[in-house]
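For reference, the structures are reproduced in the following blocks.
In the two complexes below, chain A is the common chain; its partner is chain B in one and chain C in the other.
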Partner chain A sequence: MRLVAHNMLQCHVKGCNSNNFPLQLSNVEIEIQETDFNPMFLRNILPKLEWNALVKTALQINITTLPNVLPDTSTDDLDDEFLKMLHRVLLETHIQQGKMICPNCNHVYAIKDGIPNMLLNENET
Partner chain B sequence: MTKYFIQFVQSHEEFRLPELESLAKIENVKISYNREDYKKNCPFLIIEIDTEEEAIRLVKRAILIRNIYELWGTGKSYEEVHTRVKAKPERWPPYNYKSFKFTVSAFGSTCSSDYQVGIINTFAYLGFKGEINLKDPEVQFGVLEDYGLDPAPPTEPYMIYFGRLIASGNRDLIQTYNLKKRKYIGNTSMDAELSLIMANQALAAPGKLIYDPFVGTGSFLLTCAQFGSFTMGSDIDGRQIRGKTNRSIKSNVEQYHLRGKVLDTFVFDICHHPWRDNLWFDAIVTDPPYGVRAGAKTLGRKNPSKRSLTTKLIDGTPAYEEENSYPPTKPYEMSEVLSDLLEFAARFLVLGGRLVYWLPTVVDEYSNSDLPEHPSMRLISNSEQNFGQWARRLITMEKFKENIIGDRANIHNVKGLDNLSFVYKKKDVSPNEEEITNTKGKKKPGHYLFREKVGLVEI
Partner chain C sequence: MRLKDLESKLQNVAGFDKPKIELEQYCTTPHLAARMLYTAHTVYDDIESKVVADFGCGCGILSIAANLLNSSYNLALEIDDDALQIAKENCSEFEVDVDFTLTDLISIPMDHLRNKVDTIVMNPPFGTKNNKGIDMIFLKKAIEAAKISVYSLHKSTTREHIRKKAKEWGVECEVLAEMKFDVPMMYKGHKKKSVDIEVDFIRFAKKSY
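Presenting the complex of A and B:
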């Protein structure tokens, strides 16, 4: 699972409606897989991300390249260097194994071979 | 505007115009044609486009278009065709010294090579002096005769079209994505041609994010990514996503070199999903599991009293953490699948984003008013693929206004009618003969109790 996807998911246990994002990474194995740089997609997705959550999550896996404040995304002139750094963090950084833990209800979502299991137990739906 | 003519494939007829319109939208090309000129039983359509460059762009990713020609002349007889061609001699000189090729073909009939040569010779007045090059000509001209689809074709064509070949569609992709060549498929994998058409209907394009909530073995992740979109998918059944060693969605992504585009797959049930509220998706493309081939399932139990109130443990860890655990499920009624899908789309699509999905119907009972509706979604196209007693329809919808919390999909009272399902449990009731009415005397939709009705049909 790429970090961009992690930013899109929240805990969805029934009744767990606040402080349920971002899911905290635990015991994760990270892998970098290089792919083509695509500024178009980054410009599309960037305004939709929760920047603070991304910075916080990145720090959990020792990525310190993200600025604390997201530069203005309303303009088209985000520089390439910044977008390339984002490409590395959002699209090339994969969580291959590990757990995501809800900060509110402590539900554990497992990630195995890069695929997160977001299924709930039947008493949680 | 210049006149062109399109040569469609003569199959998936109901999908051809919707695809053409989608391509015009994707490429931002203004097209104009007379809707009454379009016939399901004819592969030709005359269309006006501003420039040749736009005509090329229009068809470059078309699946149901073979070729587009600049129209030089058309008519019911060769005399008429030649008169029209001769009316614009200023069109000829650019090709005077180019290597060229002439083809003659007949739709609905055959023509001998002697006949073809004879026809080509009637165009000698064009005076082209370049060499004839059958393999790699600089310019290609086509004479296309339409004899129609009658079992006994007429002796003379109904219509003849003559023009200069501008560009061809992208039907080679059908071979590229052929299921027979794909490493990992399941029994519900969508064939390549329709998967590609769906990507066009979804307006898949570079930089977009497209999602399949019933991803299965991931056909649409591939075809949408082929056109430059980034894709994600989820499924309640993780076993389908993971596949087996070396055969999985992941191996397909590697096979087609789409690793950078197919982003992620997740295991969850779309009616209990973890998406954070946002307008994430530019399109949703999916083939929901209605039970024609694989029954739809959602989390839960058929018998709620058996519901466990505690977390089931396997060797001390919760069962849901076990990657191969498949949770208790119950059948997911078709009406629920549809309302969940439309409401999900209304909530998570960007404005102008499209929902492209299959709806199975019982042919004799279907009417257009059966289509599920939602206040934020409008119908773009509805194309039938017929299998005799039943059909499936590719529905394309567009989110045209903001979703308002509490807006519900309208599935035409199917839910309220579920109580009457006992009628259909009587074994001797033939759904075709049974007058299907509810208590208000209203007709039920063609997908109502679809699963029961086509229970005998296995495809």
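Presenting the complex of A and C:
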């Protein structure tokens, strides 16, 4: 799982309806897998991501390179260095093992072999 | 990439080891998968450089096809861990990056997928195994999440119902092709070797886009 996917996941335990995003990463194992640099994709995805959640999550796995405020993506002057840093964080950083904990209800979702398990027991849905 | 090259590459996608009847696990054939994604790509430009999600990805053939047509990011959701392991294996054979999540589409909310995913491709369960209506649950969620469009397969017999629902949900609904889905009779309850099911290949488009 990469951080783009994590930015789309929320807790959905029955009754857990607020403060249930982003899920907090804990005890993670990270693997870097290099992939082709695609600046156009990064420019497209940037304004769609929930930036605050991304920054917070990145800090949980000791990535401190993201600025607190997203630079203006409507202008085209995002420099290559910045985009390459984002590329590394968003597309090359794979969370292979670990846990995601709901900030509201503390439900734990496991990440195993790179796949987060979002399934709930019957009594939790 | 030409259609026949895409289809021929997809021949190498491995299918289910032990298909589960309750999940209606029939692998989308390379023939169908290639046509779905090729049409979405060449006619509507909904794949290249797009964020593409695959709902109920099974062995991952639609995600792989999207990747071969240069989608920029792929997310694949699937409820069955055994299927996901095969999908993962397939993706590493093809050297494509797909982020998987083990997910029950029925209970998962779309709040944080919305606006991030451009295009959704799927071959949903048809709802013929004591799970009537599951195809429409998949469809409703996909339409809720996709920014641009949803490509899906549905039994032709449900066409009018789907048109009605699409209208209700405020999306355009275009039947792009009628196809025959050769469902292999892999389960005990099946008497024939295989049977053709008539399916519609449908594009749902967000009107605001």
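Rule of thumb we're sticking to: the second predicted complex is superposed on the first by the 125 of 125 C-alpha atoms of A that agree within 3 Å, B and C clash if a C-alpha of one lies under 4 Å from a C-alpha of the other, contacts with A are read in each partner's own complex, and residues count from 1 in each chain.
Here is the rule we go by: a contact is a pair of C-beta atoms (placed from the backbone, for glycine too) under 8 Å apart; a residue touches a chain by one contact, two chains touch by 3 or more.
Please read these numbers as outputs of a predicted model, since none were measured by experiment.
Model built by superposing both complexes on chain A: chain B and chain C clash.
By the touch criterion stated above, A:Thr35 is placed in contact with chain B and with chain C alike. Greater residue coverage of chain A by touch, when chain B is weighed against chain C, goes to B. In the superposed model, A:His12 lies in contact with both chain B and chain C. By the document's definition of touching, both partners, chain B and chain C, reach A:Met1. Applying the stated contact rule after C-alpha superposition, one finds that A:Phe21 touches each of chain B and chain C.
Residue contacts after overlaying the shared chain place A:Asn123 against chain B, while chain C stays out of touching range.
When the two structures are aligned on the shared chain, A:Arg43 is found in touch with chain B, with no touch to chain C. In the superposition on chain A, A:Ile115 makes contact with both chain B and chain C. Within the superposed arrangement, the part of chain B that overlaps chain C, taken from 92-100, 308-316 or 344-352, is 344-352. Shared contact residues on chain A (touching chain B in one structure, chain C in the other): 1-2, 4-5, 7-10, 12, 21, 33, 35, 38, 40-41, 44-45, 48, 50, 91, 113-120, 125. Partner chain A is touched in their complex by these residues of chain B: 206-209, 230, 232, 234, 236, 238, 241-242, 250, 259-260, 263-269, 272-276, 278-280, 282, 299-301, 307-312, 318-321, 323, 327-328.
Across the interface of their complex, chain C is touched by residues 1-2, 4-5, 7-10, 12, 21, 33, 35, 38, 40-41, 44-45, 48-50, 91, 113-120, 125 of chain A. Considering their complex, residues 49, 51, 72-73, 75, 79, 81, 84, 88, 97, 99-104, 107-109, 111-113, 115-117 of chain C touch chain A.
By the touch criterion stated above, chain A contacts chain B in their complex at residues 1-2, 4-5, 7-12, 21, 33, 35-36, 38, 40-41, 43-45, 48, 50, 91, 108, 110, 112-123, 125.
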